[in-house]
Amino acid sequence: MTEQQAPILDLASVSAAYGPVRALEEVSLEVRTGEIVCLLGSNAAGKSTTLRTILGMTRAHAGEIVFDGERIERLSTQEIVSRGLTMVPENRRLFGKMTVRENLAIGANLRKDKAAIQADVDRVFGLFPRLKERISQKAGTLSGGEQQMLAIGRALTASPKVLLMDEPSMGLAPILVEQVFDTIKEINAQGVTILLVEQNAHVALSIADRGYVLQTGRIVLADTAKALLEHPNLSDAYLGELE
Amino acid sequence: MSHLLDLEGVSKRFGGVQAVDQVDFHADQGEIVGVIGPNGAGKTTLFNVVTGFYGPDSGKIRFDGNNLVGLKPNQITKVGIARTFQAVRLFGAMTVLENAMVGQHPRTRAGVFGALFHTSSTRSEEERVQAKAGAALDFFGDRLSPRLNSLASELAYADRRRLEIARAMATEPKLLLLDEPAAGMNPAEKDGLIELIGRLRDEKGYSIVLIEHDMPVISGVSDRVVALDYGKKIAEGTYEEVAANQQVIEAYLGKSATQGQT
Amino acid sequence: MRTSKLWRITLLLAVLALIAGACTDSGGVPAECESDAFGCVEVGAGDPIEVGTLLVITGPNAFLGQDSQNGVVLAADYLDGTFDQVNGEIDGHVISFNHQDDGCSADGGQSGAQSLVSDTAIVAVIGTSCSSAALGVADKILSDRGIALISPSNTGPALTEPSQHQPFYLRTAHNDKLQGAAVANFAYNELGARTAATIHDGSPYADGLQQVFADRFVELGGEITVQDAIQVGDTDFTSVLTTVAANPPDVLYYPIFVAEGGLITQQARQTAGLENTTLIGSDGMLTQGFLDAAGEASIGMYLSGPDLSAFSGDAAFYAGAFKTAYAAQFGGEPGAAFHAHSYDAANMLFKAIEKVGIVDGDALYIPRTALKDALFETQGLVGITGTLNCNADGDCQSTATIGVYQVETPDSLPAAPVYSEVATLE
Amino acid sequence: MTAPATSSRRLRFERLPLRRIILISLSIAIVYGVVAGSAATLRMGTFTAADWRSLVINGIARGSVYALIAIGYTLVYGILFMINFAHGEVFMSGAYTAFFVAVAFGRSGYLNAHPLVSIGAILIVSMVTSTLVAVILERVAYRPLRGAPRLVPLITAIGASFFLQYTFRGLYGAQARAYPTINVLQGTWTIFGVEILRTQVIVVVAAILLWIALFTFVAKTRTGRSMRAVGEDREIAALMGINVDRTIVATFAIGGALAGAAGILYVFLFNQVIFTMGFFPGIKAFTAAVLGGIGSVTGAAMGGLLLGVLEAVGPNLFLTGVGVPSPNQLQPVVAFGILVLVLIFLPGGFLGAPEEKRA
Amino acid sequence: MRAALSRDNVRAGLIGGVTVLYLALVGMIERFQDRDVITDVIGLGTLLILIGLAGTGYMASRPPKPRPGRKPVTANPALIGLVAGTTAGVLAGAVILILELLISAGVDVRSVLASVTPGMLSTMEFGLGPVGGALILVGLGAALGAGAGALRLLSDQLRDTVTFTLTAVLLMSLMEPILSAVLDGLSLPDRWLYEGGGLTVLGAVLTVVAAGAGRWFWKEREPQRKEAVALLPADRRTLYRKLAVFAAVAFLVVLPWLVGSFISDVLGTVGLYVLLGLGLNIVVGYAGLLDLGYVAFFAVGAYATGVLTSPASYLVREEGQLFAEKGLTNFWVALPFVVLIAVIIGILIGAPVLRLRGDYLAIVTLGFGEIIRTLVLSDWLAPYLGGAQGLLNVPPPPPEALDLRAPQNVYYLILVFCGIAAFVAWRLSDSRIGRAWAAMREDESVAEAMGVSIIRYKLLAFAMGAGVGSLGGVFFAAKIGSIFPNSFGLLVSINVLSVIILGGLGSIPGVIVGSAVLVGLPELLREFAEFRLLIYGAILVAIMILRPEGLVPNKRRQRELHARDAEAELSVIVTDEATS
């Protein structure tokens, strides 16, 4: 790598397991400020586990995770989130019985500065005017697209330095998939670094700076997005037909 | 000729939301029908109404000479409709084979007496159940058959999808309803799925209705496509016809659809 | 190889011989034991005479059984004429106890009785506390083994009905036929009550007692307005009290237990319409525990029970040495009314053992049937509850003095009754 | 391969809708019993209007106590989806411990000289004790079982219930004891022309105030929001920076404090403490929580009131007229009979969603 | 030393001290002191204090678990034990001293803390008076804590042997009622082993030698033994397994004659709970329906038996002629009718509540249990069911010659029916019906979509459960002969539920083990009377925390637990390597 800048998020040889089942094996990856990095791989390759491990929701049993110059692999999720990392989880997982307003407020749960929070909420409404219309509605009653917007908005009110996104296009209509990727680009342009997990490799790579390909818990390919798109082995590796 | 499955003016309302609104829908013997539409358009609700999980507020549903309105899900399965679920819902603590054996339930009749005394009819029925469940699993080649005794929860994601279909096949249906079978699959797996759905129709003679967001899958298998939005049917026809429909493009496909599929 | 096998066999034989030696006792059993249908209890040299108790010592009614158990313990203590917390002896054999719990239920009575009959050294049993533990259960199990069961607190009439009575069952507690009728007499004649209501709690004791009361009250010419019941464990009895107050009676009789009794007493005082109704309870509530539970609401109400002051027996002894010893050993005043009955029951048993026991060297043989007969023959035995005269159905308090006490302060039980009646079973 | 012949597919329509017949006849029987019984009772005229009024007031008072305990159940249920069977013992622990403070005040005469301060002190002791017990309970008996199947914490809760009952029996003794009399609470107040016991008025008012306070707390405060978030999705709540453990402890603490307060209100009404006093009110409150829709704070309050009134009025109203002896003994039959009837038609209680039917 | 003085160790000491004080203040120390462990040497109360202090040191000196973010503190375990034990001793001693001071200052401590009796204080003080007592508690805490910590320094085998031996002495002593009954039953002398309720010194020494040596060699041979077992040919192994089953059955058959009538009676009660547990297991374990009112069927079984066969019942009294003619008063003729009645009531109770799920179902079934109990208690139905006075004189099962009320014979009777019920449960679970139940339990909607009629299978579960449960009632009536309403309280339902969950939901051997632990043990602990339920509660909590899947978990259930974990990680688990 030629970049002089130190990565804001750096995983070095991270391994994780669910009970006896090994999920990650010596995964190393890095994300630099301002980038969109995407993490590709077939089902069960360990993509979501990587994100969960970064956030301390699954424990790494080996390796180091450094965020913003600090080792975080032993911290609790709460502590990690307070340092400026958060996630848009797979399947959105909103608090369905709470209003849109409360969902956004809870995203800012760890922050104290009311004015700054309000600014972030306004920024979310700028991105998704639809949410503002539904501010008092229960999140569970929103449509699928609106829910995805709220999930992203909720993560943004935490004012993250790095945002992890787990399959944001899953289960969405084609038109919404398009919107989601537009939004991701916009958020990134506003200065949020993004680590994106996607099935939809081509679309994801089209907006990303760099990409990694995971296969059965290992990184098998790492390159710029452009190079990956043209990589002859991409489909082999990504398709995971190596069972 | 009457349709195999025939819905006339079916509506279903939840609180303030008209989930399904005066929908006419049909599927013929041997036909594969794709159902598309934005999230929350009422596609899954339609499935739930057909399979008896919700009673329709109004409208008629007929299948193979039976009126389905008022029947319970288990009775509808018995008449010959089987389904899969949007999020895979297997019996995780049962083995692969046991999952498929549960599918045979409506085709068997052993009761308490047979269970207690292992009568000869019960024993032969059990053998038949095993054989049929095994046959359904064999349909997926070497994907499921070698893992008969693994727990369903231990399967890889795509295999879970397959097992769910196998379990539905074991009920010996005439009509198979598949709810987003391609969700979470990668392109290669989707190709496999397209082939599989074709084989289900050609080899097993099933009629199939599937909900899908993935246009290559829809275009790859459907004889006919129905588009829903806000509970209403907004378009119907071949994939090309529906994909060219302006309303569908605006509500659902977006501009990329017009750029062609990769 | 061979030798080792031989060795083993020899060893085995030796062990067997030892065991056989230990088992086969040298004969010489007294003739009375041979002729007794249930044989003898053999108390070997230096062995204690084992007496079982089967009283309720757990659960909400434990105060009742504990109090009775204390009475038995004191009787054994005083057998040698002093309260020194050392049990006395009969024919050179000290008394020892096997305490079991009757659980105040049929199944509790059964396991307790089974536990006792499995101990072959048990001479006789003092118990049970609750009629339901005895009726058809403990009385039958023990009678079938020829073990006498003497109850200090079963008051249910059924136990000594000739049709139901088990041959080895006796009691020193008064039959409820006496107490219920005495309370009715008191209410009708002394208080001048003409209408009465009753409440029971679903226990055989309370249900039986209130029924005897009601029958007698009607017989005297009174009217029963309401007979209702409550659930044990409940706390709000305002509905049942409102039912009673809808047609306010002169007397409300609720012969139940401490916790619910306390609550009913308190709530009755707050129920509109019951201001002029006299409250009466019975010996299940004649305890300090009830006064603690009812507090000041209990002042002025009546409680029936054995008339401890009118004992034709050793009243001075009871008020003096006995109560002092009780306080010294168990801390505080007796918790219920039955310790005196159990004290007498134990003494009745000790007398009978002295009478029929056969001393043979250092050993003592007690023929079971003879012991039972001796117990049933008890006549004119002066105890602290009066003179015990056992009849053929096992009622040893065939004549009892029932007292009705009026509560003056919640701090202590009233010393003397305001009404006393000597009642005799027909 | 062709599909099997259609003939084998003809539905044998359910031979007998057995369940429906039973259901309908049961409902008819209950409704008929209630209506006919009530009519007969009212015709008999045993009870005056004042009697009925006092029955209803008694019912509301006891229902208020049920409601407060039920809220504790429902709070814990809303967040952990477990029945905290030992909640009744949490309630007992506070009232029983505060008894000794009350006695000390009573002996010294302070109690009636400064009733408000005394009652405040008693209340605080009760609430603190109950809170402590609830928090220890969570730490020891429930926290190790997060993620275990739902029946497992139910069993530890039952075990903890016995354990606590007999611990307090061992500590304080087995006997029932009467609280000292507090003079200001004696007597009646006349409200809208009706004489009502002071204690009953205080209990009802206090229960309403506590319910409002709690409702506001859950709806408006940060902790309240965290509690709801943890109840919906524990993992995502953690992702939002919520300390899940601390939130659960807070829930138990609030439930415990409410139970402690309920304990003192209970003592105002019934004036007695004993180590078993938590069990039946606990069961009743649990029933109330289900009746109102478990998980809903308002539902729990409604369920408590309804149950209280039903218990107080039901037996006399429904049974006296048809000549059933000892009607009040059949209180559980009436209360649970109505519960069954309500749940047949509202499977989620009044305000609860029925546990979601995923389809 | 500084490492040993860490906050963790002091905290462990405080917990230990609080535990010892707890035992004293609830009265256990004093009550248990009446029971000798080794007669005239040490009482159970004293032993509890010693165990509390030593346990503090032992627990505190556990090798530390690596914790995120903290360096493991390493210290000499004996030192750690010393610190923790001393802390515990100081706390306990100080509190006892304070209590003594209060008492001597004339404060009536007992009016609040009922168990602060002179006896308790004297036991806590080892009879040495307040100051001496406090000092000895500190000294013992230090010595025992350090000693227990020092055990950590021993080799695994040695430490295991020491702890095993000490436990064995305690158990031998606690088992006195059983073992002396067994010795009596075999007509063997027991004086050398037990005296006055505790072990003799000789007995204790023999136990130490036997247990210590046995355990030592057992441990030492463990590797060889495992190897030998592993080397056994398959047919040999099945043979041995069959022999083991045969031996178990033979053991069950001769058991009552070994242990005498009292323990046979206890075994009968355990058997009743096995019957009830097997029935409830069908409802809860197989069909997944939480039933908190199972006592209803127990009551129905008992009362139906009583009403049909007792000469005291209304039916027999009034319609006796008819009944006698039909031979219905015969227990064996009545039996199928009772079960039929229970099944019908099961369906009647089940039908209205099938729509309810989870906790709603639980509370409604609880309600039905209470309704039935109240009805049998009520004055309303008293003319038919006996009300408060109960139903008496239920005859034992004929023929009279077999004396089917003697505890041993009742035991056989119940054993046979337990066998039948277990067979029924086993066959059902392993059939099309069992599969449908399992599917329904996991996911009702999907099961329905697979053609399983939820209503039919729920009703079937209720009916089968009711039938088996009523058998429990039938034999309860036959065993006791007197039926009173208070035998059918909510506690029975709770007890049965606890039995099956503690044993392992859905597991037939689990029911047996669960009954033995929760029903048998308390019966044998009768002498600890008022602490029985306290211990029962503590055991429930402890076992569920240590083994949430139950003592003898059902395989499928265990998989469900596992499956649920896996489900949570739905899309992330890598399983291909694990399974292929």
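We call the chains A, B, C, D and E, going by the order they appear; numbering starts again at 1 in every chain.
In the analysis below, a contact is a pair of C-beta atoms (placed from the backbone, for glycine too) under 8 Å apart; a residue touches a chain by one contact, two chains touch by 3 or more.
Small disclaimer: the values here were computed from a predicted structure and weren't measured.
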- [ ] Quickly list, by label, the chains bordering both chain C and chain E.
- [x] D
TODO: State the pair of chains with the top count of C-beta pairs in contact.
DONE: D-E
Open item on the list: So, comparing each chain's Cα centre against the centre of all protein Cα atoms, which one is closest?
Closed with: E
Open item on the list: Need the CA-centroid distance for the pair chain A / chain E, whole Å please.
Closed with: 49
Task: chain C-chain D separation of Cα centroids, rounded to whole Å - done: 39
Task: Distance from chain E to chain D - Cα centre to Cα centre, in angstrom - done: 29
TODO: Give, as an integer number of Å, the spacing between the C-alpha centres of chain D and chain A.
DONE: 44
- [ ] Would you please write down the residue numbers of chain E that are in contact with two or more other chains?
- [x] 374, 377-379, 443, 445, 455, 530, 560, 564-566, 571, 575-576, 578, 580
Task: Multi-partner residues of chain D (each touching 2 or more other chains) - done: 174, 325-326, 329, 331-332, 357, 359
Task: Overlap residues in chain A, where contacts from two or more other chains coincide - done: 43-44
Open item on the list: Help me check something: in the complex, which residues belonging to chain E touch chain D?
Closed with: 22, 25-28, 111-115, 284, 290, 347-348, 351-360, 362-364, 366-368, 370-371, 373-375, 377-380, 443-445, 455, 459, 490, 494, 497-498, 501-502, 505, 530-531, 533-534, 536-541, 544-545, 548, 560-561, 564-565
- [ ] State the interface residues of chain E toward chain B in the complex, per the touch definition above.
- [x] 423-424, 427-428, 430-436, 438-439, 442-443, 445-455, 460, 464, 556-557, 559-560, 562-564, 566-567, 570-571, 575-576, 578-580
Open item on the list: Which stretch or stretches of chain B touch chain A in the complex?
Closed with: 17, 36-40, 86, 156-158, 180, 183-189, 213, 215, 251-257, 262
Task: Parts of chain A lying in touch with chain D, wherever the complex brings them together - done: 55, 57, 76-78, 81-82, 86-87, 89, 93, 95-98, 102, 105-107, 109-110, 154, 158
Open item on the list: Going by the contact rule set out above, which residues of chain D touch chain C in the complex?
Closed with: 46-48, 50-51, 54-55, 58, 62, 174-181, 195, 197, 266, 269-272, 274, 276-277, 279-281, 311-313, 315-316, 320, 325-329, 331-332
